[in-house]
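Each of the next two complexes has chain A plus one other chain: chain B in the first, chain C in the second.
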Partner chain A sequence: MDKLIQEEKRVFMTGNEAVAWAAVAAGAEIMNGYPITPQNEIMHYWTRLAPKFNKKFLQTEDELSAGFTTIGSVLGGKKAFSATAGPGTTLFQEPLSMAEMMRIPMVLVVQQRGGPSTATVIYSQQEVNMVTFGGNGEGWRIVYSTSSHQELYDYTIKAFDMAWKYRFPAIILGDGYQAKMRESLLMYNPEERGIELVQPEAFVGKPGLPGRDRPASHLRNAFSVEEELFDAAMSIQREYDQMASEIIEADQQQIEDAQLVIVAHGVVSRAAVAAMNRLRAKGLKVGYFRPITLRPFPEKQLQAVAASCNNFLLVESALGQLARLFKEALFNVPVKTFQTIYKPGVGITAEEIVEYIEALG
Partner chain B sequence: MVERLAMPKSWRLESKPHKFCPGCGHGMVLKVLGEVIDELAIQEKLIFGVDIGCSLLAWDFFDVDTVQTHHGRTNPVMVGIKRARPELLCIAYMGDGGAYAIGSQHLVNAAFRNEKIMAIVVNNCNYGMTGGQMSPTTLPGQKTETSPYGRDPKETGSPTQGPEMVAAIASPGAYVARGSVTNLKQLKRFMKKAVENQLAGNGFSFLEVISCCPTNWRTNAKQTWAFMEEEMASYFRVGELLTAEKDEENS
Partner chain C sequence: MAKLIKIAIAGEGGQGVQSIGDILAEAGNEEGKEALYIPNFGIEQRGGVSLAFVQISEEQIGSPKFQSADIVIALSERAVARTLQYVTKDTLFVYDSSLIAPPEVVDEVIGLQAYDTVAPEAQAGKIGRKAKSGHGELPENAKRLIGIPATAVAQQELHPRVFNMIILGATVRAAGIVEMKTIEKALESKLGKKFTDNPKLRELNFSALQKGVQLMDAALREEGQA
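Let's turn to the complex of A and B:
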């Protein structure tokens, strides 16, 4: 990256290409991956960039191996990542759960495709359940849901930093539309912007003879008795909660006088903002709220919105996966009306949202 | 100074006595490995990966950096470490279930790619940790909790020939052997050659060890020994399948 992104550069490219560049900019050294649409081009661009920047790539036998080799590379002290989608995200739950338990800062890009099963290779927002609370665990992940190529670039860099700072696995949640469409973004060298990149550190293979110069690293994820696990789980949860207040992000507009708030995440939030603007131009008092971190979820921010306006329209390309997070965040908070536009695996336009709200009268 | 008796220097005193059942083969395999670690002076650069199953009990066995992984996933974790840090020495330690059933895809592909790691498979013909179920290497007719009337090869296939499978797909530079805890001198020789093969960066190193599980076999010492020497030996041939010397002969 030393030469290629030294100065800010306006580019026009696919989201997958933006992710590959961002990983280079973030100082990632290794990618291990398995082909699945719509994330393939992340590997394609990485494998083209890799030799120029002294980076490594391994095409594994499946997503389990992609996840576990990535974990190995992280344990060795390298910033490493993978990318996947759909059934691949299902397989990734196993390595992710190990990363949660052992606090391994692996980074994973998920470009959502249709589900369940093989479904479509194109688009959905149906992997929210999996990226937030998949696996046999408690959801100790960081999940950024992006809505534009600029955000794919920005949050890929941020995901590496937050993963290594807090030692939790981090996921950049995009989708097939963001992966495949082209739009413009500004690429930059984060350090030129004063972003101090968190440096990786080896978990194993540090200098010195174990047992003499230093204690050996004995890393485990299995415990003998319930109380041992309880102590470990509670300590991880405390650190996760502590992190949450520092990394939670949400976006909101026009809440102050809003009589209806549109809630959406990811690429759908662009339709929500466009709809809001069109309705505002017609004199309708509509606001918008978008969680950027789906884990940890911006509960307090949403609760503050609800205190000001408690009529909601939730819009997502899934059958209520964002809605589940929304309802949990507003448990015991009075909500007057809650309406939904659920379109599993299908894109949602501003026009549809405008039409829906206008029909409410 | 604590009396170390015959313990290898790389063993971690604080975790002894170890956690394996009385009569288990793991202790013997790990003693041989400990001696090899000492003799080749690799304690500082060795990363030991342990699978889930009885092998997980070795997570704090050595004064060696150790990573406990998931069932079947030790090979890819070691591959990831080795590729990130080629100067380190990576050994994946697992049982026959982890290697030949749930992790077989990883084993086969690590061998195909000639990954510069070493895999040790402790073969005791059953899933020990979970209570003695049938495993890929359970012998025909052998009774286990999930083959209570004896394994029927017509229904469940024949015992996996791990080293033979790996040898059939491995590339030049690979080392493949099968040893036994009934012959520790020979086992140590194989173990050393397998480690040296990785040290030399030649290729994938694979060692299966015929071992025992008297707890689940429900055997006494004599019966245990006989099962390994007679029953297991008739299916699993001890010896070296691929070595650097054999590579030369073939070239």
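Let's turn to the complex of A and C:
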């Protein structure tokens, strides 16, 4: 079989293409998918790459099926993933909930489009609620919100590792802009960078008689007694909390002397950083904070920022979905001013953040 | 601050707007710069104004789209109206001066082609920013207006098919951020096979690029600002 990448190289491509390459690099063996814009090209590129690297693709009849066949592939011992957007993410909540309850690792790439319902095929940050706490349950998933093609590549590889290491579903949260735009990134073989890829193993159908030759696999998503569920839920929550301290990621800049902190995630954080730099050049003391993991959320990191500066401007392409996570993280923490730029389904530029802050005087 | 150039290209679906954007960004990347290209894509298969956003910089680029462009290239009447919102007093506004009706479209495009329906920015711009209205007239606030008779030249001197290469040549000359050699190289990697099959196609494309450079050169000189 061909080696994926002969040597580290700078490439210029769309985000969807970068995700497909990253999934191959991460050792994914099968993609189960159903088409939806703006993630279609992940499937297209995967189906081009898959035969060359002895990997598989299954197109299902809808996203419910894409999710459940992904779980099936994982139960059978394969590293499996899928990709979706918008209404597809809605349908994915059911298989994701099952993965949470049964502790099945899986990776889902979400390229956010406008919502609710069909809305636009273009762009938004309106799937934050859904990817963090969708489904009937407690939000036992890992969500990485990326902001560049390099991060799409890096975090797709990481998502596989974290999902299989901790046995929680992991979501890469991109958007239509990241999906469709072209920019440069460095592609590499993770092993050559010392990243040890977690090897999958079958969850069911192992050799030997269960209970005699090996422990029985007991993957449950149904309980007959309330207390049984309580025990299971508390135990999963404990493991989730333990994992949280190990995987939480955030980015921050120029907090020390900041008089105002811009909060953003995903592609909008690029505008936030650019705005901060322009305002700093004019002598305004502006900082920036960005959660990279939206689940689990970097609460302690944000609280430390608030202890240093408690004037915030939160910017997102949705009507307060990041803000909800932000407010929960700062419950009972004094915040002096909290302002927002909400633009559901529309991109946010550095220029308008600069304009907004300059108008504050 | 490092040099960052923002270019918005707009035209009718099929005029090759996305190819111009794509090749421009590809060439920027080829020269080791940061480059970002994004099309405005919607659900239509054809029709409507097609818009490409390109940024080339020495440093990491911020948001993929922008509100004000250094250079706007508008290739049809509707495209002029559609791009007014990106024009400021610092914008070089380039339009096709030979254009009366939308040009005949030869639907031969490279890579992704996408179209746009309504401008979401107009509505969204009302939040924290004054909305601008489009009325189909050339902008009055641009730093410079430059008319290039690209459609006429393509039809009379070259071939309607290389219309967008004339525009690309003119854009490269106006932007001055990538070498023509790199553009030709990017074109070669995109159309290499077609060029090998039909060497005349290469010649046609490259002379269209040169024509674009000459037209822009002449236009700039006319204003005494070359």
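Basically, the second predicted complex is superposed on the first by the 351 of 361 C-alpha atoms of A that agree within 3 Å, B and C clash if a C-alpha of one lies under 4 Å from a C-alpha of the other, contacts with A are read in each partner's own complex, and residues count from 1 in each chain.
Here is the rule we use: a contact is a pair of C-beta atoms (placed from the backbone, for glycine too) under 8 Å apart; a residue touches a chain by one contact, two chains touch by 3 or more.
Being a predicted model, the structure only gives us computed values, none of them experimental.
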item	value
Side-by-side fit of chain B and chain C on chain A, or clash	fit
First (chain B), second (chain C), both or neither touched by A:M181	second
Which superposed partner A:L64 touches (first chain B, second chain C, both, neither)	first
First (chain B), second (chain C), both or neither touched by A:A80	first
Chain B versus chain C as contact partner of A:L219, first or second or both or neither	first
Touched partner set for A:A244, first chain B, second chain C, both or neither	neither
Chain A-centred angle between chain C and chain B, computed on Cα centres after superposition, in steps of 10 °	120
Partner chain in contact with A:G211 - chain B first, chain C second, else both or neither	first
Touching partner for A:E351 - first (chain B), second (chain C), both, neither	second
Shortest CA-CA distance between chain B and chain C [superposed frame, angstrom]	26
Chain B residues touching chain A - in the complex, by the definition given at the top	10, 12, 43-45, 47, 52, 56, 59-60, 62-70, 73, 76-85, 88, 105-106, 108-109
In the complex with chain C, residue positions of chain A that touch it	10, 12, 37-38, 120-122, 176-177, 180-184, 267-268, 270-271, 273-275, 281, 341-343, 345-352, 355-356
Residue ranges of chain C touching chain A (in the complex, touch as defined)	1, 22, 25-26, 29-30, 34-43, 60-68, 112, 120-121, 124, 127-129
Interfacial residue positions of chain A with respect to chain B in the complex	29-30, 32, 56, 58, 60-62, 64-65, 68-78, 80, 94-95, 98, 202-206, 208-212, 216-222
